[in-house]
Structures are given as structure tokens and as C-alpha cells.
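All chains are identified by letter, namely A, B, C and D, in their written order; residue positions are counted from 1 within each chain.
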């Protein structure tokens, strides 16, 4: 037995999310980074590879070369899956090429630049039969998983209300050229049809559906661009209708001055309410109809999904990197089992799949379409047809 | 000099809000309860008056008798203003009668049962030239007042976003006959056209406008009745457009299981964000664009309005009753100054006025109308014409 | 039936604690302030009386005159108890004179200037058979009362550990002449043998004994004066032995920069721990050995003592003034029942008594004596003999 | 360039702390686990090595064999340092053997079983000139580091008070045989002369000295064993004198029912107070004498030490594993620089050294000795002579 071998496209020097993916991959000692095409130039790619102590012959000038060469290596040496950590507009071409070359894909979100692309990608995933995962990080937290299990087990009764918000303040002022993060995220050609809603509203939507177990069916959205000259939305507020009569709100913002990465979800059922804050991820508040509020804690619950993603005893806080690592852990377990010939159901392995990717792109599209419309409710169904 | 003399209509035994009004009136030793018509029967009224140590001849069988008899007393003995603490449908007739008999009015909210009534009431207030105040309690908290002053002074820059929510869980199940509070609040004939939005959504709207200094101009509302058989809404979610391009959300609920009286407001400007929670009312969080979050505390700020309503040094928490008392303190100061011949501007005395009453009723109407409509935005202006 | 009639000694203009006592007395409409000797000069006393809307003939130049004249009034007019709100050195002479003139006493703490005085006072209380109460405010909070009841009911099992701390920062710098509060509190002739420990350490000790139900038996104290030139301690740290093998720590400080009025108590038993913070007084955290932490809330527990002192529904925060009012409420109930000929047991009425006064003075003495000693443990018993 | 090569002694299957060390070593992709002697039997060691995907020839039956064989490997293949993660009684013999075989040592704490051993170890470290680090995890948190830098820079003025507490509840009941953790930690032959104070009191003491910059000079301790039949202390409370007139308290407990891993430190200086909680490690509260409390956050401060140990942007919480990783990162940087011929000062590289190890053992000894004494103050100096 050996570690699962991973390649990486993107994520060179200075790319925040590349380092995060590498840490997430390495934490559990189950995955080994064996190769990469880290940057848009061969030179930069090589420099990044060196800093990561990779042998030079496994650092490639571009992803096409990487997939071609890796495919030629002996089976017990070549990479088994590729992590895609490029800007959004490259997600689709890289994923497509990887799958067609026979490699599993674990992609940063969003799955693609737009809804049309993700539908194509879904077909390719199906045709190749390979594994595809999406790093919707926030559903990787143990207490988010536990909330999901509690609701699935009926512990709060029928879900009535979902309130999810993802609030940041870092784009409160016009982005400057030297802020690499800000600049591509507000550029439609690299980021897609939406800024704030695509970047973080989509995380909020995924988390809301993941935990509540209810799909969003209708949206009524108002997207805004508060900073003058910005080309994409920097704020969005949305009313939601969900399956089985549940309703809710989704709010995302990048101009909420002073907020860091404030993702909060509250779900109310007939019997109890749940509240979870990403800023303090190891607590899950349970508020029953009668009786005192209870604070469940990472490491002290008996949920299967939560505990599979918990590495330390209660009171030794785990955070964002461990949540990210949980997606890597679950996906790499699937890769290992796939290699052993097992059939893989992403839900059973508890990682976001191409289906989540399609829903994510459709939701972002629905926010944009609804915001442009004078009608109150926009039905999501119309976007989901193949 | 003597204390300001107050009469009370409603608020007999077992009426939660009557006791709150009496405590609020008595805290600062500026107001004396001198008479009352506390209940719908003469007998019950008398029993309540006795328990309050009032002389029998100042306890009246009904409000008409009270206003008539009190008006006949010498000027230095008769009541100066009446506190109205009846169910909603009685607010208008009692206020009308009091004003017409020459007494100032401090009314529990909502001002009236509906928009038509409040417009009539506004005319009566103007015609009589008497004082009218409304107990929108939550703007009575020192830190809510301080937030208002900070924004008015430009300390957070131009307001962009307002997020206000008022979440309770006590109506998560069908109300029973013996819950007096629940039963009249969900009865349209006594409560008005809306349940949750009228009862607490209106508080949230008032607080949002009070603190932000921006009026709501358009609403997009979705009201729900989650509990089967209930005749009024028990939940409402609203998108807001406000003056000068601000946007926001207003959420109110009485079926959010496990929530007590969770009124929270967050306001984001170009330079900073503010956050205030009624459950911990003595802290106001200020989140600047750069630099650390600051926690301002009751008793440690130098705001005029906040400090006028602060009775203890920092670290000696004040609460709901003191917030309520601040409305009484400010209103009774106006009554005293009115008696001295001064002109009274409610805003300068910092108590909610008939104008706030009109806006409140219009907002509740707008939530109901918007919820019934397929169009996205409902313009408030159309309801405000006299 | 009429309200209980109260007189006041001290508490004139600008005296923080005088206003607090008056608010506490008035909140529940059970007590009427009928007379006072508010200041050390007749002129100032009169001015204060006027501002309180008292008739001139019930405002006295000094406490001796007040007790003499009030005793001559008809029984249904004269004051029934006196509230003592002077600096510490006057507590004993005023209480003595009041009791000897036939009036019940409710005194601000400490009971007297020193241990010798309080022992004399205890004799006078016993001899006169009158009521004596002490305003140890912090045990007036509903959740402190509920913690006391839970422990008395065995809900946390045998008490093992008590951690109490009362931390302020307002004396971090040398006091100036114009800070009236600071100046008398750091003057031994007016404040007593200890500064910080007498002022707030005594509150912490009382709360620890009240809630835990265990008396302190031994102390090991280190008192410090961090600010140069100050004549009394401004900080104290103490190890405790308590009844039945419990141990603990008591910390009090007035030089903990940036702290407001941070009184926190944690008590651990064999089955659970409890935690309560005065800054957020409406929550009581219960931490069982197994199972999640629970947050009990004012208004949502079924404790007799807690609910007797709760005026609003859950989520409408009560604070310091209401805690103070609970002592007035309980004491005035005892005064009323005493007048009806009942026998009064202060514990049953749940107000701090002369016994608590004696313990308080002995504890402060023990802190001072222990701090001056090289031996580790100082036994409290030796100070408690009559 | 290649990764730093690490070996491990102890930390086989089921050993909580072994997995933690491996995660901490792997997070930053700077260290590679190349060999190990993971358990007390060759068979178990091999099983553990296999699960870690190590080649069989680098998994050894015992540490002696490992050091001997590794020393014979070519310099670019053999391990460079050993991580010691055995029970306490093995720390000294393994560290001694490793150093004498020419390997750097990174040891779990405590450094040794007792004070005599650590003094010997210090000599060996000096004689070999090799690097020795100690994993006092909690000083690895960015905000703990930032507090240290703030105080060193004079930002809170002269330190007056230190309040540190490390409170757990997991030993509230008698340990059972099958709780491996509990059983060795309460066995004097494997754990040393103290239970609670050795296990976690020593962490608290290290953190207090690290952040405050003041050494403890005198202690007055009371150790207790609350659980019947337990052979070592399960609770300790200590008064502290520190350098330059600072005073404080140190409290550690394993019988505080319901507490997880509650390590909290508060330090008050002449100008401000600081407060940090391990349970919410990404916030550091700064409480100035005047002006509002500020909340500093990981990722938003400009401290050198803090930022060297921060991997994610603000609002993406880091936790215990990252704090642990910071010690590995700093130590491995020193190992790399040592190999390049640089002189290594542990303080400059910001990892706990053999000096901290000696102080830790002396402090634990002082707690035990002071607790057994009737004198108030025990001077630490007497234990520190070589």
C-alpha cells in the first residue's frame, strides 16, 4: 500500500488557495503530491515545484503536458487525481482534459465558469466514469456535518426556516491592481457572471442545502454593486423557497465593512433550531422548543460523519484547514476504493460531487436572472434541464 | 414642583405589558401613577387599582369615565398623560378619547389597528396640539441610541446595508386558549391585519429606520403561516430598499424554535459596520474597514442620547426595563416642558411620535400587500398619502 | 393597605449608590420614599429632598433629627425602615441609632467599618428584635439565586471547587481629589482596613458562600498595592478552604486595566459545573460530566427564588437595578410581614442579614491578617467568636 | 534541497499525541517522516509503520536500534531529528540516546520524569551542541505569540498581574483500566511526581512566562486529590510572585466537571489588559485603560511571530494542530539552518528549548514542595541551581 498520488494545476507561489489545498491534502498522511503544473509560465511552475521539493521531471510547463506525460508513467507512479486550483475560467478546460486523460478530478469551486460548461462537464464525468469532487469547504466542518445528520435523523422535526449568510468586508473599497485576489474575482472573464454570489453566495447555498436536506426551488434575489466602477455584484440578498414548504433567506456580501469570513447558518424545525458559525466552528447550538439551549462540541458528539472528520479531542480546536482536509480525506478514500474496484457514491463518501457543481452554477445563474427580473419568484427548475 | 401625574388604561392583573409600563414609569421617580381604568370590568379594574395602592376614587370602571372625571379635577391633581396598554384594537379609541379630553398620550405600539385609523389619529394629534408618544422600546436602549448618533455623525460613512432581524420561537406550536398573550396576538379582530409582522416586524422596522437614519422606500415581502390553523402570519422575510441607495433585509419570526426575543441589527457603511444585539444590549460592536473590532459599552461612550438614558456605571448591566424607562423619561420631560409652555419636537426629546406610528402602520400594510403580490418591489410611498 | 414607607440616610446629589437604592426601592411599586437626611449639611440635604419631590418637612438636616422626628409621627405615616447609603464609616452609628429609635435597617455594605463594630451591631439587632438587611447586590440576580437552589438541591453533587473573581480596572492609576468615589474608598478612615478586598472582595466572598452553600473556613491571602502612594490594597488573591473539603480561589482587583465590573463565579461539583458572569447575568451555564453544556436563562427556569425575582419574559434582559430591587422586594416583604406579626427568618425571605454582615467583616479581616502572615493558612474561626 | 527528515519514537496506533505530532510535522510540507520505533514491541511498531506507508526497513523494533541503524545511513538519507512521543518516563532515556547518537531532538513535554533528569539532559544538550525542542503547544498559537510581542514591546506597560488557568473535567471520576490516557497520567512511575500540575499546570506556567516575559520567582501552592484512591494530584491552585513585582495566580484542574481544555490567560499591565482563550484561539482581547476593548484577530495583526505562524486569511480559523505545527515549523527551520552551519538561538527561532524544560520541571517540583509546606512562599531559585 502506498499514499494516493496527487497532481496539481495552478496554485503556484502567492496563490492563497493552492497552499490551502496542499495543506489539506497532506494533513492525514494519505496523499502525496507527486507532480504539478503550477503556473501559467514554465519558469514560474518550475520555481514553485522546487519550493515544494518536487523532482524537476514531475514539474510541468502546462496542464496539457502534465496529463500527457503522467499518463505515460507506470501505473504505480503516475498521479491518480488532479487538484484544480486555477482561477474560475480554467476549471472547465482543465477538468475536461484531466478526465479525458483518465485522471480523477478534485476541483476548487465553482465547478466551471457558467452553467453551460458545467452541464458539459457532467456529461464527461458520466461518460468517463471517473470521480469528480468539488471543494465546498464549509460542509467539511464536523459540526456542519453533525447538523446535517441531526436533521436527516429528524431531530429538529420538519424544517421550516433556513437563514444563511456569508458576509465579508474585504471588497468595501475599489480593488487595486496589486490585489491579485480581488482583481480576478471581480473580472467577469475570469470569474463568471457574478462576483459576490458566485464566489461566496454559492458556498452559502451549498451549505444551506447540504445541512437542511432541502433543495432551493425558487429564489427572489436583489444583487447590488455598491462600489463604483466594479463590474460584478459585490452584495446579494435573496428570499428562498425550498422543498416541502421550507422558506428562508440567503445573504452574501463582500462590502460589509469589518466582517472577515462570517458564514452563519440557522435552521429552524418544528421541534428545535440549530445555529452554526464558521468563525467558531467547533460549537453547534441546539435550541429546543422547551428546555435550555445546548452547545454541542466537536469531539463530543456521536455522529458518524462528524467523527470521521475529527482529529483531536474536544477543546483542541480544529479549523478551516481541517475542514478542507476532510474533503480531501473523503475524496481520497473514494479514489482508493475506486482503484480497488468499488462503486463510488459521492454522498456515501460525503464529498461534494458534479451534481453539487451543477446546482451551484444553476443557483448563481438564478440569482442573476431573478435580480434582473420584476417578478417576485424565479423558479430554479427551468435552469436544471440538461 | 411635583412628579408628573400618569393615568393608565388597561394593564390590569396578569397583563405582562401593564406591569412593564408601570416599572418603566416609576424607575426614575419622575412620574406618579395617580389613576387608572385597568380592565374591561369595573370590578377587575378596582382589584388591580387596590393592588397598586391607588385610592379607590381614582380607579375607574372604564376609560370614558376616567377621562371625564379626571378632567374635572383641579389642574394640580388631575392626570397629565395617559399610558395606553390595552390590546391593539383599543389603542385608537382610547387615544382619541384621551386627546379630545385634553390629555397627552403615551401608547403601547402599534399606534392603531390599521393604517386608516392612524391617519385619523395623526390629525387629532395635530388638531389638539397635545403630545403623543409610542413605546417602541428597543430604540430606548443606550447603545441603540449611540449607534443612531454615530451614524448621524457620519462615523461609518454612507450607509449601504441594513440587516435587521427579530426572531422568536414562542408561537412554534398552535396557541392554546389559556395563553392570553398568544390568543389575542393571533386574532385579526384584536391584533390587526398581521400577526408576526405587526407585533415584532414593526419593532424591527422602526429600529432599522431609527438607527440607520434611512427610511424604507420599497419592500419585497414573503409572509408565512407555518402553524396550521393560525389566522395570521407567524413569519416574514423582507428585502428592503431604503433612502439614498441603501438596501437590506428585515426578518421577523415567531416560529423560530428556541429563540427568545432575538432582535439583532447590523448596519454597514462605507467606513465601518455596527452590530447590536438586544439580548446583550450593553455592547455595541464597531467594525472598521481596517483595524480591530471595538466593543463600545453602555456607560463608557460619550453620546448625549446614550448617556441621558444610562443610570449605572459600565459593568452594571441595564436591560429592557431601563430601555422602556428611557421612553417614559424622555416623554415625561416633554410633558413637563409642555406644561412650562415650551414647544416640543419629539425628535429632540428622542421619543417615538405619531409620525413613527404612521410609518409603522404603513410598513405593516406594505408587508402584507407585497406578500400578496407577484411583483417584486412594492413602493411604500403609495400608502403614506394622507 | 399602603406602600412600605422608607427613609434614607445619605445618597444625596452625585452619590451613585443613593440613586441606585432609590431606583431599586421604586421598581416594584411596593415602597415609597417618605423622608431623608441626604447629606452632611442641612442645605444639601434639603436640595436633594426637593429634587426628589419630597415635602420639605420630611427632609431632615441629620439622621439623629430624622429618627427623632419620624418616631413622633403617627404610626401610619412615619417611615418603617431606613436605607443607609453613606460612606462606610457612618454605617454603624446610623444603623445603631435607627434600631434604637425603633426602625428597621437596610444598609449598604459593608455592614460596619470593622469587625468589632459589626459584632456590637449584631447584639443591637438581636436586642431590638428589628429587621436588618444588607445589600449584597450580586446575590440578588435571578440566575445567582437559581445556581444556589440547584446546588442546594444536589444537582451538581458534592461541591469540590469554587472559583470566584471580581475584577475592575478603574483604580489602575492614582486617584485624583475630584473623583469622589475613588477618594473615600481608598481612605482608611472612611473605608476601613482594606480597599479592594473590603469594597469588592467582600461581595465575591458573599456570593461564593451564598451560591455554593459552603462557608469559607481558611484563607491564604496575598494583598497588594500596585499604585504608588495608595494607602490600601488595590488587589488581592486568595486560596480558600471551605466546608466539607471544598477548595477554591477568590480574586479581586481594582487595577486590572480595562475591566469594568467583572464578577464571575464557577463552581464544580462531582456531577456538573456551573458558571455565571455578572456582565451577562441572564445566562447560567451548566456543564454536566457528560452531555452538552446547557445555558439556563432568566425567565425559563422553574426555581422559586429565581422566579420571585424575575419581572420580564425570557429574552427581555434584566440587570443590576433589578437585582438590587430584589433585595428591596424581599426585605420590604419581610417588613410588611413583620408588621403583621410574623416571625422573620432572613434566609426564608432570601435577603442578606446581620449574620452575613458579621461574616463579611470577618472575611475582610482574615484577608488582611493572612496577607501579613508567613504561615500558609489562616483559620477564620478565631475571628468569629463573639 | 529536500525536506527535513524526521524519525519518531512512540506514537503508534491509538496514541493520540503521536498522530498530532505527525499532522503537525506534515502540514507545511517541510518535514518528511522517514523512520520510526513506534511501540514497545517490534510487531506493533511494524504495524504502525505500515499504516503510515513507511518502507519496512525504516521501521525499527526499538529506539536503540533505530538510532544505531540510522546513524549508519548516508547523510542525505538518515533522519535529522527525532520526535519523542512516548509516556513521560521514557522522555529522558530516548532523548539522551538520540543526542549521543548525533540526532537533534524534539520532545513532547515534560522534558523528563523529574528535575534531576532534566538537569542531566541539559548538560548533554550543551555537550553535544545539538538542537533540543519541547512541544509546549499553546505558545504556538499566533495570538499567544502576538500577546508576547505586544508585552515585549511595552504596549501594555509594566506587567502587574497574570491570571492563568488550565481547567479540564475529564478526570472527575476514577479512571478505568481501559482509558489508556488516564491510566498512565495518574501513575507516578510513568507520569512523575505530579498528575494535574505536571500534565497541564506546567503548560499554564510556560504560557504565563512566555507571554508575560516575567519568570515566576515564588509559589504558594495547594494541590488536591479529589477523586478517592487516585495517587497523584488532580487539581492545583497557586499564588505566584513573578519578576519585577508582578503577581498572579495559576490554576489547573482535571476535575472541573464539564470543562474541555479550557486554557485561559489574562495579563494586566499599567496601560492595558490582554485576554486570550485557547478555545477561541484566533481572538486576542486588548483592554486599554481608556477607550473601548479591541479584538485582535489572527491574520489581521502585524506581529512577526504571529504572522510567521499564520497560514490562512482572517476569518478562516486555525486551531490546535496549526499551533502544534508552528513549533515543528520553527524547529525544522532551525534544523535546516544548523545544517547550513548557522548558530541557533532557540528564542530567535521561537521554539521552547531545554531551558524551558528545566524551568518546567522545577516549577512542577515547586508546586509539590510548596503544597507540602506550612510556609506561605516557596522560592523557586533553590531548585534551579545545577
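Please note the rule applied: contacts are C-beta pairs under 8 Å (C-beta built on N, C-alpha and C of every residue); 3 or more make two chains touch, one makes a residue touch a chain.
Computed from a prediction, not measured in an experiment: that's the story for all the values here.
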A correct list of chains touching both chain A and chain B reads C, D
Comparing B-C with B-D, the one with more C-beta contacts is B-C
Per the C-alpha means, the centres of chain B and chain D lie apart by a whole-Å value of 56
Distance between the CA centroids of chain C and chain D (whole Å) is 44
Per the C-alpha centroid definition, the whole-Å distance linking chain B and chain C comes out as 35
Chain B residues touching 2+ other chains are 259, 286, 293, 297, 300
The residues of chain B that touch chain C in their complex are 1-3, 16, 19-20, 22-23, 26-29, 33, 50, 52-53, 168, 259-262, 278-282, 297, 299-300, 311-322
Seen from chain A, its contact residues with chain B in the complex are 156, 160-161, 163, 165, 169, 172-173, 220, 222, 224, 226, 235, 237, 239, 247-249, 251, 253, 255-259, 266, 268-273, 286-289, 293, 373-377
Interface with chain A, chain C side, in the complex: residues 286, 292-297, 300
